[in-house]
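Shared chain: chain A. Partners: chain B in the first complex, chain C in the second.
Entry: the complex of A and B
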């Protein structure tokens, strides 16, 4: 749509008039404004519909019982239990992915923003992160399966008779799913680092401090809210991902530990997402009530994480320098 | 030709590096005898000279020496063959129009200029007869510290801001109890302790702009520097905070050599003992403050300085 008509009202009203009414705008501008408004409203309606519908369904079917009982394989839905294991699975996978993604992401961001030499290497790293960010998680998942079924990674998962490596476990899924969170951590940390004026770094150098000391004592504390924002965003993505738990975690109903140390981590399991998928009409199970209840819990987790993001980034404004 | 070599009165045609010569530390003696700021043959109506009761006749000890210093950014010459002494016991003000190379010159004194990849330097900078290029840079920067135009406390408590410089690189030792006397001393010297003594654990970035800048001065003083560089430290502050910082600098000049860049000529007049006027990268004139403002030697300084008292 072309919005080329000059603003005639400006001449009459004078450029300093503070509250110009859109009623005096040319038609094209008014139509544009109307569409923009409608788009905003539409999004509100969609978001409201999702939340309200899930709230309604979720509260209808959710019970404390479901949260604390383990799921069982049963055709009779009154005997198939709750989704304690998927909740634990989601928590474990999220925590695992985060403790891998956060330090890696922060390190990559610090290198990119504070060193970044030679510049061709920095550009390469940037593109690498962009590729990871753009890769669909199902692709990450099957790639991970390929890697983690190699004998080299046998220690990460269950090994069948005949030495076939299963390649599916919390460790394997956690490693791959960290790639989903990584770009968020890198992005938010870099943004925060770039927002620190260079004279702050120089103030540290001017006290005889090295670059390493400056990064550790000045820059990292300053970007903590940024790291928090990126990490929380990434956690939300991990908690919501379905492809990787299906392909790399086994998507079992219950957590199944293997023998030996860290048995649960090397074992298989499921998450809320795989549980919802499995029990909804889309999957094989047919327990939509429980799927709704679990979906509601999942939504709650993700909304809380995003709320945390808001909280952190609002606190960020308290500490800021002039450029 | 420059303040480091003995005078030979030579009214040279261009190049215009004619520099008022002030070799002996007591040059300003003549009109100085008893009076303060006013009555130096200054244009009347100058305010604030009074803060500077015993400006004239101060004998500074030379701490730093710039010899034929030139700095270029790529092929653009920003500082052109400047020679200057920096003395303890006095405040040296660098003045000049914006873009004339004041910041560039200042940043070369503690080799902060090396952080700009395109910058290259010629000439020598001596600190107590030692070439700064031969010194370990972190060591140099503890002896020649710097305060910036924008207040920039670190995102930590008031206490830790000061303690940061006292600690070894990234270490968190020595511990708080051991550092407390030094931290309090630095805050006192910067005239901030009275205001923050109860809140040493509060985040430094919650302080007001003027307090933040004094915290930055305290932070720079805490490492016991020999030279303190300040780049327009008051340009972002209100007049009251500015006045406090000016008082502070005048008090501090006996323990540390002070070089301040300022675009505020009144400020230079109020606090400086010597003034260096730079123009397009060159040192146009270097003179005792009273002389610079009362009887500048070159036409350019006269034009520029007259802007101060219009």
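Entry: the complex of A and C
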């Protein structure tokens, strides 16, 4: 029996490693090996099938016209327009959510990694972020409806007759949906901060910098790729979420601005996800061609955000701290 | 200052729990523990709640949520069991057996599966898998036999579990791969030096050492499965409590889990009793996911010793 030292497990499989043949293994082990291969291949096949199918349908139904015409309410699908408004809605919501989530997430991560005193509070905040990450978005949506219909938050949306606060607007949805991105920003930023060796901080202190200046001038610039990774992942999640836009954005076809300053932001609208949901057989529209086309655009956005993550994290490997 | 910002998270969770529970209280108070029990069909009950008289004293609250809870339990348990098998095997494959070329493909594939929005999964499910199940897997004879009890359209437990499995698999794979990679190399080499083959080494040493990660992965994936609303609303069908005694038909029976039910009645939430009932459903989801998240966080703690997660 071969006693070749298998030097795997750390991802540094040597270039010329003699492979141990599985032909001599007991049958149970060979079955296990076969199942492991099958599971790995299954994941590839499923992902490939989804992507290829969406690509096929997307190219079949997507036209430039759909991207630049506004949706209309119509039974006749030739007159129901395209999905310009949902695209703008997705953009606005993603930007809003990111603007809120990124600074908060970076602040929380810096505090957790660099200060973290008292430690019980740090542990509490850490588990709190896990809780936020684990809370279903439909529950966040219900919570958002409850809190943003309070008179205190009337400025975020419009007020109906009888002083009932509507509670549905881009601002309300953006505030709530930022919670989806927050854990990603915190996680990636903390990981990057922890990867910076302590001698870098000490060098900065030795030059007479304060802790705050060290964080601002040394650590934050160094973790910028990490922040970028987390933010891009979070943006992908925001763009792909459906429950919060359905509940908190009104899921209307067109963007409906209200009177007054920041009219569009305080108004209702829809996103690509609500458009897909609305046009699927489960929704009210039932126009599968348009749902496919919009879902293709949505998938493209999400995959591009993920691809962006790849680019950023590849660049990050260039930065290395030397002694 | 930064600490205060970080504590906002705690304040937020506190507000969320307090507010959802406070709003949900009338529904729980009026039903008592029977809220969780079985009884009349949920659709009729929720419609009655929606059509409550305007007088607060006459609000309807009666709800026996067991069919929805049963739906959540079935879809979650089915998907977690299937995903655990697939993800453990594929994590072993990725860490131990995948040739470098395949490894370069499969890692983005796992990330892609995690990134696909649930509405896209739902769309593929409702337009491809549901007609497939409805037209090909269920015979016309069987449909006719049960048509007075339930319509077998293809919106089914089977499709829901199938898609949910692939939605939660990436969560488990990511955690398990990290943990398997972090198993001390000397342990594996010690096993190999005793002449144990690669499969047994990873199975008996690697997987055992990574047990906390498997628990954490299962717990976090369960939280995700419980809260999935949109995809399940699209593919799982109407109100019914699938009965395991129905044999194969059990798999193709429709169900409507808790989270999906909220989506269906969202438009009616301005009716106060319905809004409170939806908050009660959300409260059940919130409390479950709260405990699961904390359990996942606790399960991850031993892993930090190895510097994973």
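For this structure, a couple of remarks:
By our rule, the second predicted complex is superposed on the first by the 296 of 323 C-alpha atoms of A that agree within 3 Å, B and C clash if a C-alpha of one lies under 4 Å from a C-alpha of the other, contacts with A are read in each partner's own complex, and residues count from 1 in each chain.
Following the convention adopted for this analysis, a residue touches a chain if its C-beta (ideal position, glycine included) is under 8 Å from a C-beta of that chain, and two chains touch if they have at least 3 such contacts.
None of these values were measured; they are calculated from a predicted model.
After superposition onto chain A, the partners chain B and chain C occupy separate space and fit alongside each other.
Touch criterion not met for A:256: it reaches neither chain B nor chain C.
When the shared chain is aligned, chain C comes close enough to touch A:247, but chain B does not. In the superposition on chain A, A:69 contacts neither chain B nor chain C. After superposing the two complexes on chain A, the angle subtended at the C-alpha centre of chain A by the centres of chain B and chain C comes to 120 degrees, rounded to the nearest 10. Touch criterion not met for A:264: it reaches neither chain B nor chain C.
Of the two partner chains placed around the shared chain by superposition, chain B is the only one that A:207 touches, whereas chain C remains out of contact.
Contacts of A:138 after superposition: chain C is touched, whereas chain B is not reached. In the superposition on chain A, A:38 contacts chain C only, with no contact to chain B.
Put simply, more of the residues of chain A are touched by C, taking chain B and chain C as the two choices.
In the superposition on chain A, contact is made by A:217 with chain B only, not with chain C. Distance between chain B and chain C in the overlay is 17 Å (nearest C-alpha pair, rounded to whole angstrom).
Within chain A, not a single residue is touched by chain B in the first complex and by chain C in the second. Listed in rising order, the residues of chain C touching chain A in the complex are 2-3, 5-10, 12-13, 15-16, 19-20, 23, 85-87, 89-90, 92-98, 100, 102, 105-106, 108-113, 115-124, 126-128, 166, 169, 173, 180-181, 183, 185, 188-189, 192-193, 195, 197-203, 206, 220, 223-224, 226-230, 233-235, 259, 262-263, 266, 269, 275, 278-279, 282, 285-286, 289-290, 292-294, 296-297. On the chain A side of its complex with chain B, the touching residues are 197, 199-200, 202-210, 212-213, 216-218, 221-222, 318-323. Across the complex, chain A is touched by residues 110, 112, 115, 138-142, 145-146, 148-152, 154-156, 164-165, 169-170, 203, 205-206, 216, 219-220, 223, 236 of chain B.
Across the complex, chain C is touched by residues 1, 3-11, 13, 20, 22, 24-25, 29-30, 32-33, 35-40, 42-44, 46-48, 50-51, 53-54, 104, 107-108, 110-112, 115, 121, 124-143, 145-147, 179, 182, 236, 239-243, 246-247, 273, 276-277, 280-282, 288, 291-292, 295, 298-299, 302-303, 305-306, 310 of chain A.
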